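See the structures that follow.
Common to both upcoming complexes is chain A, partnered first by chain B, then by chain C.
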Partner chain A sequence: MLYPDTVESEVLVHKPWFVGVMFAAIFALFLAFDLSGTLLGELMRPVIGEPLESGIYGRFAIAFVIAALFCLNVVLIGFASLRVQITIVWLELLLLFLAFFKTFNLSLPFMAEKLPFLVTQGLFTTIYVSAISIVIASAIAILGAVAKLSTNGFAYAIASFYTSFFRGLPLLMQVYLIYLGLPQLGFVIDAVPAGILALSLCYGAYMTEIFRSGIQSIDRGQWEASRSIGFGFGITMRKIILPQALPVIIPPTGNQFISMLKDSSLVSVIGVWELMFLARTLGQKSFQHMEMLISAAMLYWVVSICLELIQSRIERHYARSKIR
Partner chain B sequence: MTKTSTLAALVASLSLSLAAVPAQAGAVLDRVLAAKTLKVATDANWAPQSFVNDKNEMDGFDIDVAKEIGKRLGVSVEFVTPGWDIITAGKWQGRWDMHVGSMTPTKARAEIFDFPAVYYYTPAAVAVHKDSKAEKLSDLEGKVVGVTATSTFEAYANQDLTLDAAGAPPFTYEFKAGEVKSYANSTTAFDDLRLGDGTRLDAVVSTLPSILDAEKAGYPIKQLGKPVFFEPLAVAVEHGDKELSEKIAEAVDAIRADGTLSKLSVKWYGVDYTVTQ
Partner chain C sequence: MSEKIIDVRNVSKWYGSFRVLTDVNLTVEKGERIVICGPSGSGKSTLIRCFNRLEAHQEGDIVVNGIPLHDKMRNVAEVRKNVGMVFQHFNLFPHMTVLMNCMVGPMWIKGVSQAEARKTALQFLERVRIPEQADKFPVQLSGGQQQRVAIARSLCMQPAVMLFDEPTSALDPEMVSEVLDTMTSLARDGMTMVCVTHEMAFARAVADRVIFMNAGQIVEQGKPDDFFSNPQHERTKLFLSQILKH
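Presenting the complex of A and B:
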């Protein structure tokens, strides 16, 4: 259900047909793999005998056990309260992920040795490049949204040209164009400012559209009422329109911030030593690139999670009026 | 809407302010000597020429050569690591002053860059199976030779090689292959050669370092005769500052004359690649 309501109904994962379908699907899936050579086969030894010689029966038994365990797990989680459910499912997915990475046979000492440099040089650069870009992009977006909604032909033309151009080119190409192209005009720009400029302009264009649609989602009666009691442009925006538009704007803007964080990796092509650059470079000599790529991936993820938490906090703040 | 038109003006003036122009000075050398730093562009991902070492610093043969050049000029060296395509695009705009990154000085590149000094050579050599009866290169006349597709080695085997690089030593074709087999990379060619003398291939033309690496990795192959040609690799700077080019040429000459260059080559490759035998 989309919202909690007072209609009594049975939990989906406790309905016999759902559990049955789930069991059949998992069973069929694992029947397709031969897992008798793995740890699972070893654990099943008392039932199936020598795992490698168990053949189709062993396969059948292993798939059956996996499907049964999976369904039991889901049904049990169904009894818990919402908050506990979310926590358990998160932890289980995380464990699955860790098990997946474990199969890569990574050298943990190497990761631990390189981690400080990845953080102080790489993550630091990534964060400050994206943070500055986010601030500039937000400013551009407000200007652009207002310009796109205005009745002024110049403002509209410039703003729509801008959004069309910067949304229409790949960000990587913009990075190249700004880094290699601006010097042609005699404006030599370093790698980091060039990257920040490209990120700000590109994300400013996307966020212009987000802000515009957010502002437009407010009924024009609000604008007319405000104007009719004598409010000017500024006060109408600040006191009437934006406070109502922000709850609409925030979720997609949070998306943009997170994707900006990761797209900042594109500035590595112009030689900025940010997280992605180091991830590709540090393990190269000793053929340990997987270690570095995964470390960097985890760092990106951790920072994204922080941004997600901040976003949900802000959303909760603006949803106060909707709470029952 | 007066407020929005001021906004439009603001946007317009913002874009104009980008046109402020700090021009690039002509004499790169003056700038380098004044700042006491030489900015060197190189690759961060090309061991053992240049890579990031355990201490998270740039290291490698190219790096050592660049540092040595800086020392002779009496300035400190700073490394920047833009992508290869950005370096070879030219128009450095003073972002860096010199490139030490094993660039082959071809005619096409000479239109954008000056190559003040060749500092080492990649020798191309011929490998045969350990059991091969060939004793000299001319014994390979009419035999089956494996090469990397579209490489200079393929051109050599087909007797169709133009080395237009400045400083490339002259070479002669030592044998005429009966059949040239082209592979995606040299490893596959070595894999076919290891099957036995003449099973699929009689010989492979490749870089000497890769032949030696394969030998070290246990491939039953050996180098036959001397290297067949040498591909020079040079320091690159942009056109327009003759004094800088002369200074760099002088510095590299001095490094070569006192034996430092050979020592560095032996340190990184185990072999002296700075001379052609």
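Presenting the complex of A and C:
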């Protein structure tokens, strides 16, 4: 939460000047488009007559109605409590979004028919590849962070070379390097393990930096107190420093996880049947690309939302000790 | 025959080319209460942080509770078990309740059972007179209360000696006395203590010996009565006149 100053108590959307500006902006925006040919024009028929012949008057009336409805909506939402506000705005945005998809004329039965397979095969693969990768990446990140903070030259050099290399190369290149390069060295590796390895190494490099900054954000005094009680390095790290660094580490790590979920689609290039791969192949067969791509997009989004919820739960858990 | 808890012989320490401690000699005997004072930057903190090797010295010997302090990790760990330290900024573990702060030391180092650690912790929280705060988190406590928890946390390890590094200088005036009272009662119970502090009334009341440091050296030491009424060195006189002026 931002710091809520008590001086500014009036709600912004209830200030006349703000409503005025908002109204003017929306009005001007919609005046620029000719919407008389759409559903809106049809709805306005009683006021403007035949929509297509209404001309400037029709445009004016439509823009006015939209601006008025919009402002009314915003002002009304301003009265609600925080939770209700958030819910209503979310639902409205979602509705707009669905209306946008409706214009694509998608075949819903086709989507419904393919959905189970998309979920059980594609989504399942995507999730387990990402989940295993994020666990390995976190382990790498802790080691990498400790190495980067250590005074040991070897450890530092290896860790910084690693982060530099894997952050510097495109993920797609790493996937190829591992899948096609390792067999050159005599390790034949399956597509799924190769994908997991590539994702883990790449995200481990990013997360090394996240963990490093998290650990560094903890006051020196915590180390001193812990060491002076007699705790060794391991206990100090695991029980004193990392638990305090987690609130700093978790938001960007959640970000990485969500991002990995979608980047895992890159491993489809080596033939892993994850969500994106299936969506494309299923869509190609029957030339219904849009249906499958949108289904996949929705699935990615739903899973991301779940992750966001989990992340906010964990954050709340760690906020306990900060409440006065 | 009294027992030496801390024995410092000819200790010198450098930060780069800057000499922080010059040939320091000091012994602390069991049950002794020592106050170290001196101008800012004179090396007081550095000296007592050498006693549990939060800082490493480069020359001379430090023996704590019979164990010589040097690079060997085992020795350092053994010494730290027996030396409690209280910091200027408390350094409580903010993600644990007050009770847990006091329990983790005995549990993770001495392998004491949870029930027993809890009993000890409550006993020492009682001792610093804040048993009712046991289930709060450190941020929910006042500065004085936090410092008393920090003292209890150290006491739970049942150390042979307690080190205090300006324990009251981050506190509001009205909280200083509650911490000093706690320290005074510790002293009355015979705890061996080394305190870096500028609370001269406390030094007069409890110290067996007052040590004055300047520029990394022990310039003067003596019983509080002599030290305050009859300082020998010019530097000590100047320091005392400045600090007692107010």
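In this text, the second predicted complex is superposed on the first by the 316 of 324 C-alpha atoms of A that agree within 3 Å, B and C clash if a C-alpha of one lies under 4 Å from a C-alpha of the other, contacts with A are read in each partner's own complex, and residues count from 1 in each chain.
Everything that follows uses one rule, which is that a residue touches a chain if its C-beta (ideal position, glycine included) is under 8 Å from a C-beta of that chain, and two chains touch if they have at least 3 such contacts.
It should be emphasised that the depicted structure is a prediction, and the values quoted were computed from it without experimental measurement.
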* To do: Give the label of whichever partner, chain B or chain C, reaches more residues of chain A.
  => B
* To do: Kindly classify A:222 by the partners it touches after superposition: chain B alone (first), chain C alone (second), both, or neither?
  => second
* To do: Pick one for A:187: touches chain B only (first), chain C only (second), both, or neither.
  => first
* Once the shared chain is lined up, is A:251 touching chain B (first), chain C (second), both, or neither of them? -> neither
* To do: Please indicate which partner A:55 is in contact with in the superposed arrangement: first for chain B, second for chain C, both, or neither.
  => neither
* **Which of chain B and chain C A:147 touches, first, second, both or neither** => first
* To do: Identify the partner contact of A:170: answer first if only chain B is touched, second if only chain C is, both if each is, neither if none is.
  => neither
* Asked: Can you list the residues of chain A that meet both chain B and chain C?
  -> 232
* What residues of chain B sit close enough to touch chain A in their complex? -> 1, 3-5, 7-8, 10-12, 18-24, 44-45, 47, 51-53, 56, 80-83, 86, 89, 91, 93-95
* Asked: Taking the complex as given, what residues does chain A use to touch chain B?
  -> 114, 117, 121, 143, 146-147, 150-152, 154-155, 158-159, 176, 179-180, 182-188, 190-191, 232-234, 269-271, 273, 277-278, 280-282, 284-285
* Asked: chain A touches which residues of chain C in the complex?
  -> 52, 54, 77, 80-81, 83-85, 87, 89, 91-96, 104-105, 108-109, 137-140, 150, 153-154, 157
* **Touch list for chain A against partner chain C, complex** => 219, 221-222, 224-232, 235, 239-240, 243-244, 318, 320-324
